[in-house]
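For clarity, chains are labelled A, B, C and D in written order, and residue numbers in each chain start from 1.
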Amino acid sequence: MKLELRGITKRFGAMVANDKVSLTVQPGEIHCLLGENGAGKSTLMNVLYGLYQADEGEILLDDEVQKFAGPGEAMAAGIGMVHQHFMLIPVFTVAENVILGHEPTKFGGVLDLKQARDKVRELSNRFGFDIDPDAIVGELPVGVQQRVEIIKALISDAKVLVFDEPTAVLTPQETDELMAIMKQLRQAGHAIVFITHKLREVKEVADRITVLRLGKVVGEAKPTDTAEQLASMMVGRAVDLDVNKGAPKLGKKAFVVEGLNAWNEAGTQVLFDVSLDVHEGEILVIAGVQGNGQTELTEVILGAHARTTGKVSLDDQDLLGKSIKQILDLGLGFVPEDRTQDGLVGEFTIAENLILDRSDRKPFAKGPSIQPKVVREFAQEKLKQYDIRAQSIDSTAKQLSGGNQQKVVLARELSRDLRLLVASQPTRGLDVGSIEFVHDQIIAARDSGIPVVIVATELDEATQLGDRIAVMYRGKIVGIVPADTPRTVLGQMMAGVA
Amino acid sequence: MKNNRIVREILNTSASTTVFAVLASFIVGGVLIAVANQDVQTAVGYFFNRPGDTFAALWNAVSGAYAAMFRGAIYNYNAHDFANGISPITDTLAFATPITLAGLGLAVAFRSGLFNIGANGQIIFGAMLSGWVAIYVQAPVYVLFPLAVLAGLVGGAIWGGLVGLLKATTGANEVIVTIMFNYIAVYLLGYLLKTPVLKAPQSINPVSLPVQNDAKFPLLFGSDYRLHAGFFVMLAAVAFVWWLLNRSTIGYQFRALGHNPDASKVAGINIGMTYILVMAISGALSGLAGASQILGTERVLTTGVAASYGIDAITVALLGRSKPLGVLAAGILFGALRAGAVTMQANQNVPSEIVLVVQSLIVLFIAAPPLVRAMFRLPKVVKA
Amino acid sequence: ASGPSTPTVTPIDYKACMVSDAGGFKDASFNEEAYNGLKEAVATLGVQEAKVQSPETATQTDYVNGIQAMVDEGCNMIVTVGFNLASATRDAAKAHPEINFALIDSSLSNDDYSPLSLPNVKPIQYDTAQAAFLAGYLAAATSKSGKVSTYGGMLFPSVTIFMDGFKQGVDYYNSEKGASVSVLGATGSDSSKWSATGDFSDQTKGKTLTESFFSQGADIVLPVAGPVGIGSGQATLDHSGTYVIGVDSDWYNIPAHAAYKKNILTSIEKKMASAVLAVIKSGVDKTFMGGDANQYVGTLSNGGVMIAPEHDVMYPAGVQAELDAIAAKIKDGSLVVKSIYQK
Amino acid sequence: MRQSRKASITMLALAVFSFVLWAMAPATATTIKVATDSDIIKLPDFNVSPMLVSAISAIVMLGVALFVGWLAVKKNRKAPRWAIVLFGLAFVVQALVLLFSGKTMTISDLLRGSLVLAVPLIFGSMAGVLSERVGVVNIAIEGQLLAGAFTSALIASITHSLWLGLVGALIAGAAVSWILAVFSIKYVVDQIIVGVVLNVLVIGLTSFFFSTVMQANQSVFNSPPRFDSIAIPLLSQIPVLGPMLFTQTAIVYLMYVALAAVYFFMFKTRWGLRVRAVGEYPLAADTVGIKVYRTRYISVVIGGALAGLGGAAFTLGSVGAFGDKMTNGAGYIALAALIFGRWNPILAALAGLLFGFAQNLQYVLTAVGSPVPSELLLMLPYALTVVAVAGLVGKVTGPASAGKPYIKS
């Protein structure tokens, strides 16, 4: 089915998220949508999907003008979408999530969950995901949740499919699988919109490329264009894509983990005898597939994990048993894996979010009182420095685009005097421009002589940022290797073979 | 741009809609008043002979009732002199004092994501402790009075803080616990009023001795008026809560916790401690309401000392959007209704229940501007 | 609402007013009985009426407010119903010596509860225990199971005085007849441990409690809980041979209790209506006399308290005579019923 | 994990307390009467020694407490439900036997009364389930009960038909919850404001019409017939449980049906899945084409209707006539039961039953003579609930979007 968007305009209050955007996707075509964070990609797709009502412009399917009052109608018209922010019910099982909205039923509306399970199994086999239909979604790692989200979209075999940054949380293997799937679907004549910030993926699958900036279409690009060309087109300036960092000037061993074991709420062990150390001025990347213990490891470091044995020390101070506050006060900068849940208070303004873990510290607080003026000036400064796209420092965090939310968290954590930086997937969902910027910041932190721990699922990021790479698998460190270890070897280590 | 949005909001939402909301609810209330009214009923009997009478009766009934409410709540223009004329408004403020204090307490909890409906119990505890001190402690005024007020504050803080403690340590849901604590407080007071702890020795009834004069809130305008210094305590509390929620670091943490406990935890906020603190402060304000009851107006402890302020406070807090000044305004409105109801009843024989109806309708309408605008064909607010 | 005041009497320029306690004028019991007196006064004397029903959650402040409102209405006589209004009445009376007050169920006292007498306040009290005593005797004599029962809404003295007198009546019957009738719900002498539903509004509680009395063998119940007593009356309908005893007024004649009037053994009456009427009348023809000296204490002697006459439920042979005899003894003081109001 | 530790500590404390009680246990036996005249197999009354029972309970409780503690510390496992139930049971049995020492405890009364008192709570909590599971906090249960009580009495009086009375109750409850829905869904008013205020509004309206209409003409407007309790053949003759469960009024039997139905629809059907989805994450539900607003309206209104029936239990199911403010806070207790029961209709019903039991206990007890003053005994149900919630239940999380309005961009 052919999809055409004509002169779509969408405003949020004063801000124009889409400005007369037009876009055509032919059947059997993968159309990539590129743009910086906040360019308006998701908004455009939400308009298409009937979640937002456009202020101007129209949507055509096979040249027929459509009017979508709600997603239901869009789905009925044959549009499927993988949302950037998961549209999953955490307390439901995978099967329940997948069938929601078009549930198979026996007599009198009684759910036929067996049929649902089979359907899920069949699909996840077809696409080489392994997913337990009875798992509670909320308890699954983000990567797996993403797969569920994808299956949800595929199951309704829609003619027009939208993938809004599906690969942000996928492993290299998963990404390759997904792109294979997209190619299958293209063969089958589906029209596909693919949003990603990873140019490698773009160049691999895209038939056509449209670039958005500040809500406007700035032009089309060809898959044959170089990554640098695409990048500069997106950002509107030249971007240096590969990280340039000098050799590390190693100081003393500042951060040490020894024989660390941890158990989760349910009482099952999640970390097994983890040992590692990071020198001042060094970046250690923890590479691995989502859900192999990285999350728990960072939680332990933060002091948020209840039951542990072993030793974790920073500057010869034992961290285990200390409260989160104490550990933060020791100089830990922490970028959580899930920014919306753990990193930001959605209803707070950017300014308020920027002091979340320092609200009672100088200069933001004097005695028991907060100093609004100081806070606002600080926010203004960070907004500029980190190029956070928002109406103002008074816009709430939940109004921000995914990328900009991440920037707020980074701005906050990097702007304290650090003794240790722990960042989970610091560039997840960021546009190339921002990635460049963030990487520079992290390296600056490292060169300022503090130990840095980065959790990465991206091999590129791992190899580019890391001075050493520790690969985790099933809660164990399967090996700590130099950064120039070939991708294939790393990939195998992450998969538990070798 | 931002400014004239604010202007528009004030024009469209707050001010005018509020006025119309009150108007709307008075209209509905008026219908009930008319229904209940003798003369109207009689006049309707022969409506077709002399419809005029019916309308006359209608007008008399409704206007009479609301005029009476005005005289009872704001200014009594029938009074022979100004001094008596203004006494209603002072009554209104006297009623508003405890309601607003308790409302502020709940507002603090609500803004922190804790749904505290235990104001009733917390008022009672405040009143009990404050009352006990004010009755039995022998001390010079400059010790006794502050001590009595403090006791009320502490009483409420304990009863509220206990809920926070339970939530922090066991995760017990505060809604259940506060509901149960309300009943427990009521029966505990009932019990103590039968034991020498609180019961006046010479009385056969469950009442305490009156509080010592030194412990009372001084009357502001002499003995002819009921308004007492507790009113200023209330105003101070309004200011305090404003500072707490908008300017203080703990208030910031309260709100963070209220919106997103996970992020708050990661940011190093001690969740458990904050729960306890929130509930203690929330309870303390309700406890002050209890103190203003016993030291300001009641003077003796009875089982009914908390009146219906525990529930009123919920409405007042939410109606005031959990913002200090909003709560103050809502509190005064409720005070006025409580004060005016009596005159309406006494003078016009209007069933007192109508006040409850009017009161709740006002809240509903004020809370739903679009509805009111629709009812009165007001211009839509341009959503900015 | 009562019909338009009957035009038979000519309206006179005298305003009689009343302030209820938290129970309200429609409690099918205490306040309502008092208010009937005011209505009678309106109908028979042609006085003007005004009234304030205190909120269900009334505080001292509300009572003060209510009385003040009556004062503002220019009332000549203000009747205040219930001990809760005592101090509010006192203060108003001091401030307005020109207005006459009648205070039901309590006398005045100073802040330290030392007795106080004001010339413009007439306390109206009832030695309810005397009538309750008779009801207790009757119940004991009527009970086939040898078990009778009683409970209160909350155990205030104004409530327990009924239960206490009732209990004494049963004991008296036991000692006279060598019987051993027991009183469920009032075991032991400590009245604070007797049965109570906990409030004066939830009638289902009254019914449930009564049913547990019945299934433990009681066949007569005395509920002292305002409207909650309706639950007891309803319970008698489900258990043949069980009876309920009314309080405050003769339930047999009150619509609210019509459904089970055939099971109303008797009622412990406080003739508040007539007392209220009388005091208003005294006000009208300028014979009002206040002060403790002139306080009115309703007793069997002056007919202020009594038990309702035999209605549908037949008394056992001879019991009526025994009741009369006992009543006589109580009147001449040869038989003393203990009660909190005994000075 | 932390939770189960807390539980075991609480249990240990209670177990110790139970030993203390054992030490103080009186010698006089407690007579337990299980049989009722209707039973097929007549069980004899039997006397138990408070000492013995205390001993057994205390030891059982200690055992369970230690076991749970062991699970927590060694295995990091939560206390299994059976352990909690066993523990609670032991404690209650001991308490009962001690309280009734030297007296006769008629089990069937204890239970039957408990159910009667629980009926409105159970209906109310069902209303809560339907409403909060779809994302609308329902504080207005009290108002829905009261409206149901008033209307059922009024209609039944006028029409002399119990069933029309019930229909009236349904409609009244539904109407109140419809207002709740319109204001919280359409006008996006804070759901809790609406709830609290609706309660006041209904109290005001019912009191008003009670005093102006009903009281003025009792015989016409407020003397409805009543449902008689129907003993279901055989079932009602099961010892102990029979009289409790199967000698009840039609309303109670209706409640059984409603309870089963609500549970079934909520957890077994498409409709239920969608309701829960909307209550958890309306945006997600919307993205799969579920009609969020419609779903909310329907579920909330049905819930209100059920609460209306609960109201009828106060009048037609119990005393017949309506009385001013006769529900007296039952709606708030139902709310607590709902949360206590983790938004699960069955568990909520059990919570309601527990509450009714504690309440009835003090009636049955004071009847034969209670060792403690009535006020303290009146606290029992509330105190018990707090202990249960704090000590054994712990943290419960409701539907994620409950209380949050759903606004489309």
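As a convention for this text, a residue touches a chain if its C-beta (ideal position, glycine included) is under 8 Å from a C-beta of that chain, and two chains touch if they have at least 3 such contacts.
Since the model is a prediction, treat every value here as computed from it, not as a measurement.
Trainee: State the pair with the higher C-beta contact count; candidates are A-B and A-D.
Mentor: By the number of C-beta pairs in contact, the winner is A-D.
Trainee: Centroid from C-alpha atoms only, then distance subunit A to subunit B, rounded to Å. What do you get?
Mentor: 48
Trainee: For subunit A and subunit D, let me know how many angstrom lie between their CA-based centres, rounded off.
Mentor: Distance between chain centres: 45 Å.
Trainee: So, what's the distance in Å between the C-alpha centres of subunit C and subunit B?
Mentor: Going by mean C-alpha positions, subunit B sits 34 Å from subunit C.
Trainee: Using mean CA coordinates as chain centres, what's the gap between subunit A and subunit C in Å?
Mentor: The answer is 75 Å.
Trainee: What parts of subunit A, by residue number, touch at least two of the other chains?
Mentor: Correct list: empty.
Trainee: Enumerate the residues of subunit B that touch no fewer than two other chains.
Mentor: In subunit B, the residues touching two or more other chains are 36, 187, 190, 194, 351.
Trainee: Do you know which subunit C residues sit against two or more other chains?
Mentor: Only 1, 56, 155, 192, 198 qualify.
Trainee: All pairs of touching chains?
Mentor: A-B, A-D, B-C, B-D, C-D
Trainee: Could you pull out which subunit D residues touch subunit A in their complex?
Mentor: It is residues 1-2, 75-77, 268-271, 273-274, 276-277, 280-281, 283-291, 400, 408-409 of subunit D that touch subunit A.
Trainee: Can you name the residues of subunit B that touch subunit D in the complex?
Mentor: So the residues of subunit B in touch with subunit D come to 32, 35-36, 115, 117, 166, 169-173, 175-177, 179-181, 183-184, 187-188, 190-191, 194, 311, 314-315, 318-319, 351, 353-357, 359-361, 363-364, 367-368, 370-371.
Trainee: Taking the complex as given, what residues does subunit D use to touch subunit B?
Mentor: The touching residues are 3, 6, 10, 183, 187, 189-190, 192-194, 196-201, 203-205, 207-208, 211-212, 329, 332-333, 335-336, 339-340, 373, 375-376, 378-379, 382-383, 385-386, 389-391, 393-396.
Trainee: Considering only the defined contacts, which subunit C positions touch subunit B in the complex?
Mentor: It comes out as residues 1, 4, 17, 22, 50-53, 55-62, 64-66, 69-70, 72-73, 83-84, 87, 106, 109, 111-114, 154-158, 192, 198, 340.
Trainee: Enumerate the contact residues on subunit B facing subunit C in the complex.
Mentor: Residues of subunit B touching subunit C: 36, 38, 42, 72, 76, 91, 94-95, 187, 190, 194, 200-206, 209-210, 226, 293, 297-300, 302-308, 338-339, 341-343, 345-347, 349, 351-352.
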